[in-house]
Amino acid sequence: MKLPDKSTELHDVIAAIPNGATVLVGGFGVPGTPFTLLNELARQGQRDLVLVKNDANEAGMGIDHLIKNGQVRKLIVTHLGLNANAIAAMNSGDLEVEFCAQGILAERIRAGGAGLGAILTDIGIETELANGKQVVEMNGRAMLVEPALRADVALIHAAIADPFGNLAYAATARNFNPLMAMAAARVIVEAEALVPLGGLAPDAVETTGAFVDHVVEIKELSQEYGIVRR
Amino acid sequence: MSDARSRMVARAAQEIAPGMVVNLGIGLPTQVVNHLPADFPVCLHSENGLTGIGAMLPYDEADRNLIDAGGAYVSTIPGSAFFDSAVSFALVRSGRLDLTLLGAFEVARNGDLANWKIPGKFSPGAGGAIELAQKARRVVVMTTHCDRKGNPKLLDACTLPLTARGRVARIYTDMAVVDVTPNGFALRELATGVSVAELRAATGASITIPQSDIPTF
Amino acid sequence: MSDARSRMVARAAQEIAPGMVVNLGIGLPTQVVNHLPADFPVCLHSENGLTGIGAMLPYDEADRNLIDAGGAYVSTIPGSAFFDSAVSFALVRSGRLDLTLLGAFEVARNGDLANWKIPGKFSPGAGGAIELAQKARRVVVMTTHCDRKGNPKLLDACTLPLTARGRVARIYTDMAVVDVTPNGFALRELATGVSVAELRAATGASITIPQSDIPTF
Amino acid sequence: MKLPDKSTELHDVIAAIPNGATVLVGGFGVPGTPFTLLNELARQGQRDLVLVKNDANEAGMGIDHLIKNGQVRKLIVTHLGLNANAIAAMNSGDLEVEFCAQGILAERIRAGGAGLGAILTDIGIETELANGKQVVEMNGRAMLVEPALRADVALIHAAIADPFGNLAYAATARNFNPLMAMAAARVIVEAEALVPLGGLAPDAVETTGAFVDHVVEIKELSQEYGIVRR
């Protein structure tokens, strides 16, 4: 036995994403954002996408391209942070935005990856974040039902991958990536380095390749990956 | 191992398609790996937190921290990964486990499985069996056709507490390969030397027999 | 930074006791670390997946993969650890975060906090603010006493959407240190040069004034 | 600033566990079982304990000592595996045993560590494992409420620790340890090696010390940690 090889080409793997797909996108600010996969998705132009991401990147990079192209029907996000374009699109009604508390978004995605139906939490209870949510009583306490979030596709950025899809992340580029890498029917990884099987020690693997469908090596890091001088 | 059991194991190994993630139950299922080619692309999963299970090791070569879910000392292969128990069952429940091969006390004609408890006699707890049986994409049973007393294990309905309802797709036994269909059990193959009459006598439910020639294994 | 704000930051730094796990909100709260001794034992937490935040780094020394939750390039210290976003908020929600220092738009006399949304003007989303405010063991606010237009931020009741109910324990402003008590706001200390009358005029709720001498900072 | 030092002595840290405590115990089989902490707990003799553990170890090691000493009021477990003593104690009524599906036990502990109220799952539904459990309807599907499990104490075995309590595990000795290390009011770690701050790279840490209260270095590995020849 040997572990299966999932390494493939950028174009093909993005071409498998249909219009209307729900797409998890890794990253918290710049670190961990799969810019290479996103740029190809912007180039291919799939439409009616529902994106799930911590933030909307900054203007001129990452999912901002998709928003500006009109490829995004809805964005599920914890904050729009530094992206004035996204805020303007939301305010004009061109972009539907659903806000989620940051840790609850992480847990909803993780619950999807763990094959659970939902989590029960009191986060946001008695605030407007609770509006419209199912409430369950548990030992006399009201808890919000936060449904698991699974997607058609996850776009993941890793520092190192092997051909089976075992992944390691760098520093705070980890963030949502390992959670999202568990929570989609088709998990697509871009890696800064593709090492042979055995190149990642079993204890150093942060996402087992059993969750991963496709691995693409980034040929050259584009400038978005660099330091942002604000 | 009897000749019929060996052939059952070899036949069941054909369940494993290239690229699958597979969990093999303790006992007979573990042995199907001996029938796969050295370069066969497959990922074996162990509930205690390992993908990429390598060969079992003798005690004097074992790593004290590296066991499979049955407690056997195993090794890694290039690309193995360790993870915690929550991630291990996340993989099972979220649909990433393509196949599990499990043992059984009883299988019913609707695919119900009982393999963890005999009230009053055997109740050590289910471990990970419930999740494997309920959530693997394909659940296949490997078992002797009858128990040690000669009583059939393939039944109209299970009498023991269930592990999961309606999840068994196929059963490999020392007598036959049997599918669970919407119409109940259906014979697919017979072990060499077993007659249809013998099979019917050893099966606790009706079983559909093909009109055409019945392949043997 | 004005002298009064500098002293507020220095005073708020005393909130941090040895051994604490602390999350500092973006802006003024981040600066309290400048008032801790080099060998002070504390663990700073960043929501994006870091415990043990080191010094901010200039662009030409930064690691492109190492930022804090506010997007600033930071460094590690001996014993820093990275983790994912689920673990990061597990720590917050499960009671492992001893203290958070947060900014505020409004604080009510019952401890309600509003710091994430101004309907029609500012609604970028709450990020991690809800969980920090609702689950940190101690929630302390650092803010100017009034907003830019001179309107009080300490109120009988918040007018803006709430971040969390009844969670603020203390407020550090450029005018005073104010505790939230079962009886509402209670003055603890005054900034040098601020009178009780000035404080009352700048506060949108009644505030209990100590009978004894009022310490200054 | 520097990170706090939580290294301490074995006797003291176990002495802080009161009678009646609920105690999470790491390990799956031998690997990851905190034998040193358990042996001291057996020696000190605290009673009326509720233990939460994947399995009951084997006869003559680990929590079997506590069960034989009559220190355990209740055991929450996924299976009693190889321990005939524990099965006999259960059958005689001397030991109360609550069984939980393995992955659901992991998730309940993780939910406790994540400050959630519960998870919703269909695991065990329509089997006897669902008996007595709260059921919630979600989008027309019945789901079981599996409550978060938090404890007074967690006993954790790590391969490497630093004085702040950052932890790394070895191979399949990881198992329940990182989950339990998040889910107790007092988290006690035994480590095979205690390295100075900085001795674990930030990306190699598998449990951040922010969850950990006490770290004890194991002076010498007792024979339980070795290969079991069955």
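Chains: A, B, C and D, in written order; residue numbering restarts at 1 for each.
Operating definition for what follows: a residue touches a chain if its C-beta (ideal position, glycine included) is under 8 Å from a C-beta of that chain, and two chains touch if they have at least 3 such contacts.
Fair warning: this is a prediction, and the values are worked out from it, not measured in the lab.
Between the contact lists of subunit B and subunit D, the overlap consists of A. For subunit D, the chain with the farthest CA centroid is C.
Looking at A-C alongside C-D, one finds more C-beta pairs in contact between the chains of A-C. Note: centroid distance subunit B to subunit C, computed from Cα atoms, is 57 Å. Subunit A and subunit C have CA centres that are 30 Å apart.
With each centre defined as the average position of its C-alpha atoms, the distance from subunit A to subunit D rounds to 32 Å. With centres taken as mean Cα positions, subunit D sits 35 Å from subunit C. Shown for subunit A are the residues that touch two or more other chains, namely 107, 114-116, 121-122, 169-171, 202-203. Each of residues 50, 82-83, 86, 89-90, 92-93, 135 in subunit B touches at least two other chains.
Contact topology of the protein chains: irregular, matching none of line, ring, star or complete. Every pair of chains meeting the contact definition is listed here: A-B, A-C, A-D, B-D, C-D. Across the interface of their complex, subunit C is touched by residues 28-32, 54-55, 77-82, 87, 97, 99, 101-107, 109-110, 121-124, 126-129, 159, 169-179, 225-230 of subunit A.
Against subunit A, the residues of subunit B that register as touching in their complex are 18-19, 21, 33, 36, 38-45, 50-52, 76-83, 86-87, 89-96, 135. Residues 1-5, 110, 112-116, 150, 162-164, 166, 182-183, 185, 196-198, 200, 202-203, 205, 208-211 of subunit D touch subunit C in their complex. Against subunit A, the residues of subunit C that register as touching in their complex are 46-50, 59, 62-69, 71, 73, 82-86, 88-90, 92-93, 123-128, 130-131, 134-135, 161-165. For subunit A in complex with subunit D, the touching residues are 107, 111, 114-122, 134, 136, 138-139, 141, 143, 145, 147, 168-171, 202-204.
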